[in-house]
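There are structures below to look over.
Two complexes come next, and they have one chain in common, chain A, joined by chain B in the first and chain C in the second.
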Partner chain A sequence: MNERMRSRYGRRMRHRSRSVAVSIALWIAALPLVYLAVEAVLELVGAPALWQAPLQVVETVTGTEALRFGVAAAAVVIGLVLLVLAFAPGRLGRHELADERMLVVVDDDVLAGALSRAAASTAGVERDRASTSLGRRKADVSLRPTSGFAVSREDVDRATERELERLAVRPSVRARSRIEQAGVVGR
Partner chain B sequence: MDGTSPAGRVSLSSRAIERTLGALAAEELGVPADTSGVRLHDAGGRLGVAVTAPVALGRGRTVLAAAEAAQRRVLADGPTLTGAQISTARIRVTGLHDAEPRRVR
Partner chain C sequence: MTRSNRFLNRLALLLLGVIALAGAALLLRPEIEQYLLEPAGLMVPSLGLDQLGSILPIAIIVLAVLAVIVALAVTLTRGRGADGTAIEQDAVSVDANLIEGILRRELDGEGEVLHVRLRAFGKKGRTLLAEVQVRRGADLANVHRRVSAAVATADELLGEAPPVVTHITTGLRARLAGSTRTH
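Up next, the complex of A and B:
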């Protein structure tokens, strides 16, 4: 697998597919066109309209105040939703790990767990005393120390940085740790 | 894993800390270690210690002086023995301990 394919597939797995949004948008565009075509043909052969003649529909909508605003508002909402779906990056909360042979994509939960574990083992506390929230570019690690046993923030920072370096996460993440003021009496 | 520290983890149980601090206080109060009780709580990341123990009779000092000596002992020697940072030590004297063996009637 060459570098280009790798980054393309990686991108695919880290972002949401737009196919559902695209197909909904196409349906929304297609239905009125089908309706117009059907009514036009019926009009040409002189048959009565299937539902209502298109011109009559336009008249009804523009004639009634409530209907006019309703249709306009619906159009605005649908338009905005489609714009957001089109331009938002649609990231999925995943990161790539460097590997020579394979493309490895992990959920951020997994990565956060790895950072928490590195922090907890450095601080010498139980695994459940560290928690990590992970964004695309930065990770916030917070650690609850054992009462009476101070934890050095620099050590925890170094451990999480080393873990990130070891995993070679992409896009790269910066970890920042916080030692909570209150501790917990160990068991 | 990272090569800087050996594999595994060393942790000190709170029970061990409690017994150590209890023995320190008991020694200063002149009573057997098993008569003391210790509770630990968190004090802003450091350790708060509360000791309850009786005090031995007749050592030429007041109960209050003995309790204060026990408090100083816990604060001074506790950290060296356990490695924990201790912020406060409360000593509560719960009774008098008669060190003399009772005469059999």
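Up next, the complex of A and C:
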């Protein structure tokens, strides 16, 4: 896999496509038009309207204050949501792992689980006593130690950093650990 | 991962957003004129919808047909791009299931891997997307090493090395399976 392909696929895997949003937005735009078109056809063939003729629909909406403000507010909300979707980066919670042969993309919950595992193993506690919150560039590892057994924060930091180095995560992540004050009886 | 054009998706959302805001501005035209345009000494000519008369129903029908065609085209073509042919060379084609089988066999016995699925993308020069579902709290470095070894075996058996994208993920299976304990 050449670098260009790797970079292209890496970007596609780490960002939303927005295809679903586009489909939904197009149907939201199309459905009122379909209704007006049905009314327009009925008007053209001289059949009674389902509700009102197209021009009357426009006049009713623009002529009734509550309806006018309601429809305008809905259009503003939909418009702003669509603009946010168009301009937001749309990052997915994923990172890449260095690999010469292929592109490896890993979900953040898998990576967080690996860091928790490394932290728990260093502290000598069960895996479910370590939890990791992972951002794009930062990982916060939280650990509940066993009562009566001191856990070195530096050791846990070193273990998680070593795990990150071993995996060669991209974009790079810095781990920071926190040892909770309240311990747990038992391992 | 699909072949859909991400830039066009963003552009469509931008256009639809601008159209929605323009529609809202038309509805709020009296207030916009009163509070924004008139104090600034600006006036916008009336749209004169009533003058459109007989053209309006036709214009609405044409717009609706176009909108439905575009919406249908986008919805029906969304997500396409994956199929079952992994390698196509001269008269020989290799099914994605065959490579998926090789990866499964190589990862069999690896307790942290729950499921492997392989699909092929792209027109010219197929790219393989291998989705590897793992348990929660899996040893990621070990899974990565095992998947790399499985892909190397597949390359050897196929006699070529197609581009591979591996997606290591959890999912419903992982939530149901939980984590393994080695003690």
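Here, the second predicted complex is superposed on the first by the 152 of 187 C-alpha atoms of A that agree within 3 Å, B and C clash if a C-alpha of one lies under 4 Å from a C-alpha of the other, contacts with A are read in each partner's own complex, and residues count from 1 in each chain.
The working rule: a contact is a pair of C-beta atoms (placed from the backbone, for glycine too) under 8 Å apart; a residue touches a chain by one contact, two chains touch by 3 or more.
Keep in mind that what you see is a predicted model, and the values were worked out from it rather than measured.
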* Should A:182 be classified as contacting the first partner (chain B), the second (chain C), both, or neither? -> first
Inquiry  = Under the stated touch criterion, which partner chain does A:162 make contact with: chain B (first), chain C (second), both, or neither?
reply    = first
Message: Quick one: is A:20 in contact with chain B, with chain C, with both, or with neither? Answer first, second, both or neither.
response: second
Practice problem: Applying the touch criterion given at the start, work out whether A:49 contacts chain B, chain C, both or neither, answering first, second, both or neither. | Solution: neither
Per residue count on chain A, the busier partner among chain B and chain C is C
### Partner chain in contact with A:149 - chain B first, chain C second, else both or neither
first
Footprint intersection on chain A (chain B / chain C) at none
In the complex, the residues of chain B that touch chain A are 1-2, 9-14, 17, 40-48, 82-86
Seen from chain A, its contact residues with chain C in the complex are 1, 5, 9, 12-13, 15, 17-23, 25-27, 29-30, 33-34, 36-37, 40-41, 43-44, 54-55, 58, 61-62, 68-69, 71-73, 75-76, 78-83, 85-87, 97, 99, 101-107, 109-111, 113-114, 116-117, 127-128, 163, 166-167
Chain A partner, complex, touching residues on chain C are 1-2, 4, 6, 9-14, 16-21, 23-24, 27-28, 49-50, 56-58, 60-61, 63-65, 67-68, 70-71, 74-75, 78-79, 127, 134, 136-141, 144, 147-148, 151-152, 155, 161, 163-170, 179
Counting only contacts in the complex, chain A reaches chain B at residues 121, 124, 145-150, 159, 162, 179-187
